[in-house]
Amino acid sequence: MTTRVAVLGATGYTGAELLRLLLQHPEVRVTEIVGQSKSGQRVSAVLPALAGLVSGEVASYDAARIAKNADVAFACLPHGASGKIVAELHAAGLPVLDLSADFRLRDPKVHAEWYGHDEAPALRAEAVYGLAELNREALRSARLVAVPGCYPTASSLPLVPLLEAGLLEDGPIVIDAKSGVSGAGRQPGERTHFAETTEGFRAYKTGGSHRHTPEIEQTLSGVAGREIRVSFVPHLVPMTRGILASSYVRPRAGLDAAKATELARARYEGSPSVHVLDAGSCPDTLWVRGSNRAHLSYTLDARTGWLHCQGAIDNLVKGASGQAVQCFNLMRGYSEGMGLLGAAMWP
Amino acid sequence: MTTRVAVLGATGYTGAELLRLLLQHPEVRVTEIVGQSKSGQRVSAVLPALAGLVSGEVASYDAARIAKNADVAFACLPHGASGKIVAELHAAGLPVLDLSADFRLRDPKVHAEWYGHDEAPALRAEAVYGLAELNREALRSARLVAVPGCYPTASSLPLVPLLEAGLLEDGPIVIDAKSGVSGAGRQPGERTHFAETTEGFRAYKTGGSHRHTPEIEQTLSGVAGREIRVSFVPHLVPMTRGILASSYVRPRAGLDAAKATELARARYEGSPSVHVLDAGSCPDTLWVRGSNRAHLSYTLDARTGWLHCQGAIDNLVKGASGQAVQCFNLMRGYSEGMGLLGAAMWP
Amino acid sequence: MTTRVAVLGATGYTGAELLRLLLQHPEVRVTEIVGQSKSGQRVSAVLPALAGLVSGEVASYDAARIAKNADVAFACLPHGASGKIVAELHAAGLPVLDLSADFRLRDPKVHAEWYGHDEAPALRAEAVYGLAELNREALRSARLVAVPGCYPTASSLPLVPLLEAGLLEDGPIVIDAKSGVSGAGRQPGERTHFAETTEGFRAYKTGGSHRHTPEIEQTLSGVAGREIRVSFVPHLVPMTRGILASSYVRPRAGLDAAKATELARARYEGSPSVHVLDAGSCPDTLWVRGSNRAHLSYTLDARTGWLHCQGAIDNLVKGASGQAVQCFNLMRGYSEGMGLLGAAMWP
Amino acid sequence: MTTRVAVLGATGYTGAELLRLLLQHPEVRVTEIVGQSKSGQRVSAVLPALAGLVSGEVASYDAARIAKNADVAFACLPHGASGKIVAELHAAGLPVLDLSADFRLRDPKVHAEWYGHDEAPALRAEAVYGLAELNREALRSARLVAVPGCYPTASSLPLVPLLEAGLLEDGPIVIDAKSGVSGAGRQPGERTHFAETTEGFRAYKTGGSHRHTPEIEQTLSGVAGREIRVSFVPHLVPMTRGILASSYVRPRAGLDAAKATELARARYEGSPSVHVLDAGSCPDTLWVRGSNRAHLSYTLDARTGWLHCQGAIDNLVKGASGQAVQCFNLMRGYSEGMGLLGAAMWP
């Protein structure tokens, strides 16, 4: 049974990637391509990769029309702007998958502290956090999904099995994460200007200031059953797609790389989007580019006792639009990996 | 009706790309993954992008076994080495799609002049040149397909409609073509070493020495009904995928960019893999990356009278493995675009 | 005898590159670093590559102050804006090297046709076109230098010896030129946004519309003694620096690659910034990156009769700031290559 | 007083970079360009960036000839191969700067453990470790300099002032380091093949297995006066040059980012190659590319107590050849920064 789908914010990178995935999904018909700033322009002019595949123009936003034409909406809108629109669509009866951060933090105080204003406080409690590997059952009946951030996905997946098993020492975790440039979006700026980005590498938003910090902490604290703090340090890699999140943790006695690998394989058995490499291996973001897959690995530095946990994803797929489709599949009763099992584009 | 497929030379770039496409094809089951130099290794170790999607090991070559296990074979082998193996598989009754150059040139003398030895002369006459937009009907009943080269595909598609219409002046055509680095294959070498490739741009095999020259001339002469000569100049772009072929031609009276665009649109109507941009537009290889699409455009420089014809493709897809699947679809009676209509991976 | 130098527009790419070169020049003292939009900010904040080398703040523009503090001014300002400021500095008695296009075209009608308004028509006749290899003597006494554009430099140098010798057939010349992204400047925009630039290749301003066209024609017509028309087609390469200009010309009888190479070597003997490769070689932009050198080469396609002429430069050095210093050296009586003979940064 | 210099292993990346620097050095004359595998070839054919700057051929190795023609030798040879040749040149009376790892580790047991065979044990005690900021005085009279590794330079410089001040807690330090691809050298291989390197990011030699680990520990332990252990994790960034080393340490009471910045500025006052950014800033490897400068910075994550120390260098300059010249300057009584004060090539 085909689902009619609306994509809001379709002309940014997560919107474009979502269209790419949905156009290949066997049970989806995209009926609304909405983008306020480019409305009225031909879709193929704004997204030339879709030339010959999608006709017509980018539509403007109209909650009533969208609710009539679609069964489900995906919102690929900026933080802050998203909440209000999501609330309108939700009120109009549409299940919504929100790719912004507006509903990710369950605690209103934490949300307020990191994001300021709260556009739709009434919906916060209803939103299901869309990390399918954690919340599979809740997602099946969700009507509002907060699709996780890219860094939190890559960072949390390797740590969840270890924290669930209670095998990490207390103390703040260091997460040194590296992302491709597409994570910064389609709006040109100095930080993403080609000549100042290629052939250079740098950190940004250091000192614990990146807004994905509380999201990671919420997930990890949830599975650990105690408060987890992370020192999260993002970096910009001169490439378009991909995140590698490297976490450095202190294992309890008995936890080594082989054990961690075994735990993760057991934890993610049946999860079509997670692949755990052999202990001591190193994932490459290129191996997951364009796919909805996460590659995880564990390595112990026996000389120093640090356990090094790596997670590699494509930030636009498993870190955003693919993950949204994965949640959508669960909501609609499709198989979790439907339309998402394509191999990475390598090389 | 599902087709059982064998891929030979599966661990190189065109082999890997072919596996990516075939694994998504609704009517294909890949039954043989063959690669002589890496036989016995786990597929996922050699092609980590397929981890979790393909199990088992790379098989060694055995014509009899392959003929038993597969209905069709794709050969992704080096020029020279391919011919003999293709002949064996063909003799064993298997239809074969050969991605090498061994059967592309119909005239044995021209083949000998450019490639030297001829491994399977008896089959040359039987091979159908796999530019589907040209040879659609012949492909439906082909048992041996010579899949075109990447440069010839990007170069020929824009010129075919103009030559068929008899609207170009005589005289040799300049083709200044630019390719991503994956066209050079997976074997490391100085020319493709990262530090000497990134941030640099250069031509190679100039002076009319590139072996794709006679292939382009064969196609263009065929549609023109007269001998066409091209001065073909390839360049290496510091990127992985994509070819932009720019041809400079002298139009006859009455041919301008609008007319050329109109001719091309008429010529390729119903061809799912060709998209003709508006006159004066410029295609970007990024818009077709990962897709089996060719973007064509025409621009007239009215001050000088040169007509500038551009063709952009992904060299590994429409320039190799995707084109092979397109031919395969025709051979098997599937719809021409089956498994090939995915959007480009952008950005 | 040290020269006190002012750099206007110091915070853009050509300004920054000029500072890099001037700070290493043994006879230069940079006394004014001027940049209107960033005035008041620390130089090291705007140009972090100069941290520890240059102290103080970016100054605002004040013709009188600059004329007092400097002996020579370099203007790295946008076309249109430059002319007026150059005229003021010139009126204040300062010799000026203008890196904009405002004084490059000698014929006011041609300038008006391609650039619109003319800010300082009175100075047009006085400006010396700063291609040192052509106008060495005139530059020694110049008080206003129009520093050539990047594409015209790379395009003209290989063709000049052939046209001076009268060895090319009549008829418009095709120039297919490829440039790194830094040529588009420091202002962020869609065309230079990392994620839409890397891993893609495309032409732009096709159809004879690029403003460097008349500049190339002026130079070539000047040395040929007849009107030369070029069909100039620029492309964007996913790299920061470098231009490769490929010209396709029809040689007269007797001109082959060896002869062209010999002519060019004779023509540029004693020119420290030009190196002519062996006939049939291919220059790589990486081999000249960061240097003020042009690498030229000639290849004949004997099958078709096209002579392929290549010129490779770093667009920010020999194509802009290095060329400006080269002219400055001649104006001040220094050796032409002073401060400019460093090797390319390879790899 | 000019010094005659020999460069051994001149055709690799550190050799080529050394030639670039030495050719600009006002007191150096390069008299020997030696490279065993390419001996007899024109220098300009092997290193086209030097075309027009260096004539003649690559020489073969002959200790006696080199000792006669040169006052000092730089050895840019592979680990293992270097020791024996360095010993021969040293025995012939030549002061030598060795860019390999053969003499970096003072303790023969540690050297044996990490590198295996010891080619020249007698010289180990004599070698001075060439981190000029640490061993300035010893270098002035050195006759054998072990030029530090790239990672150890970037990793150690930010930590030295904190450890000297005794302001870090005990416990192993995490160093997550990221390097451009040129660090892997000129020999093509799978790990540095363009198509598998660009657009991907990955760690390598994890688990405490990278040989720069004991070198970092030797330096840090030396300044701390106690044994320091590091968990060193290297990564490959899809760019040619640059290292960013990120260290995560636990500060003692009273040490915050401002204090760390103040300590580092005091420690490196008068060091021409070190620049300490404001507290909380993030260095970019692009800001030091092509220069002999290290950019350091300190940031405290107050929520978690981790102090984040960053060091950015160009691995081929301050991480290899520039650092060698810096040591050479001290050995010869030149000013430490002679020939090394050029700005980075930005962008």
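To keep things simple, chains are lettered A, B, C and D as they appear, and every chain counts its residues starting from 1.
As a working rule, a residue touches a chain if its C-beta (ideal position, glycine included) is under 8 Å from a C-beta of that chain, and two chains touch if they have at least 3 such contacts.
Computed from a predicted model, the values in this text were never measured in an experiment.
Asks: What is the chain whose Cα centre is as far as it gets from that of chain B?
Replies: The chain lying farthest from chain B is D.
Asks: Could you tell me which pair, B-D or A-D, is linked by more C-beta pairs in contact?
Replies: A-D is joined by more C-beta pairs in contact.
Asks: Can you report the angle of the rotation that maps chain A onto chain C, using C-alpha atoms only, to the nearest 5 degrees?
Replies: Chain A sits rotated relative to chain C by 180 degrees.
Asks: Using Cα averages as centroids, what's the distance between chain B and chain D in whole Å?
Replies: One centre to the other, that is 46 Å.
Asks: Calculate how many whole Å lie between the centre of chain C and the centre of chain D, each centre taken as the average of the chain's C-alpha atoms.
Replies: Comparing mean C-alpha positions, chain D is 35 Å from chain C.
Asks: Starting from the mean Cα coordinates of chain A and chain D, work out the distance between those two points in Å.
Replies: 39
Asks: What are the residues of chain D that contact at least two other chains?
Replies: Correct list: 13, 180, 182, 195-196, 198-199, 238-241, 284, 286-287, 289, 347.
Asks: Any idea which chain D residues touch chain B in the complex?
Replies: 13, 180-182, 186, 188-190, 192-199, 238-240
Asks: Please give the residue numbers of chain C that touch chain B in the complex, ascending.
Replies: 172, 174, 176, 178, 180, 195-196, 198-204, 206-208, 213, 229-231, 233, 235, 237-242, 244, 246, 248, 257, 280, 282-287, 289, 299-306, 308, 310, 312, 347
Asks: Using the touch definition from the top, list the residues of chain A that touch chain B in their complex.
Replies: 13, 16, 19-20, 23-24, 47-53, 182, 198-199, 240-241, 272, 275, 277, 284, 286-291, 293, 295, 341-347
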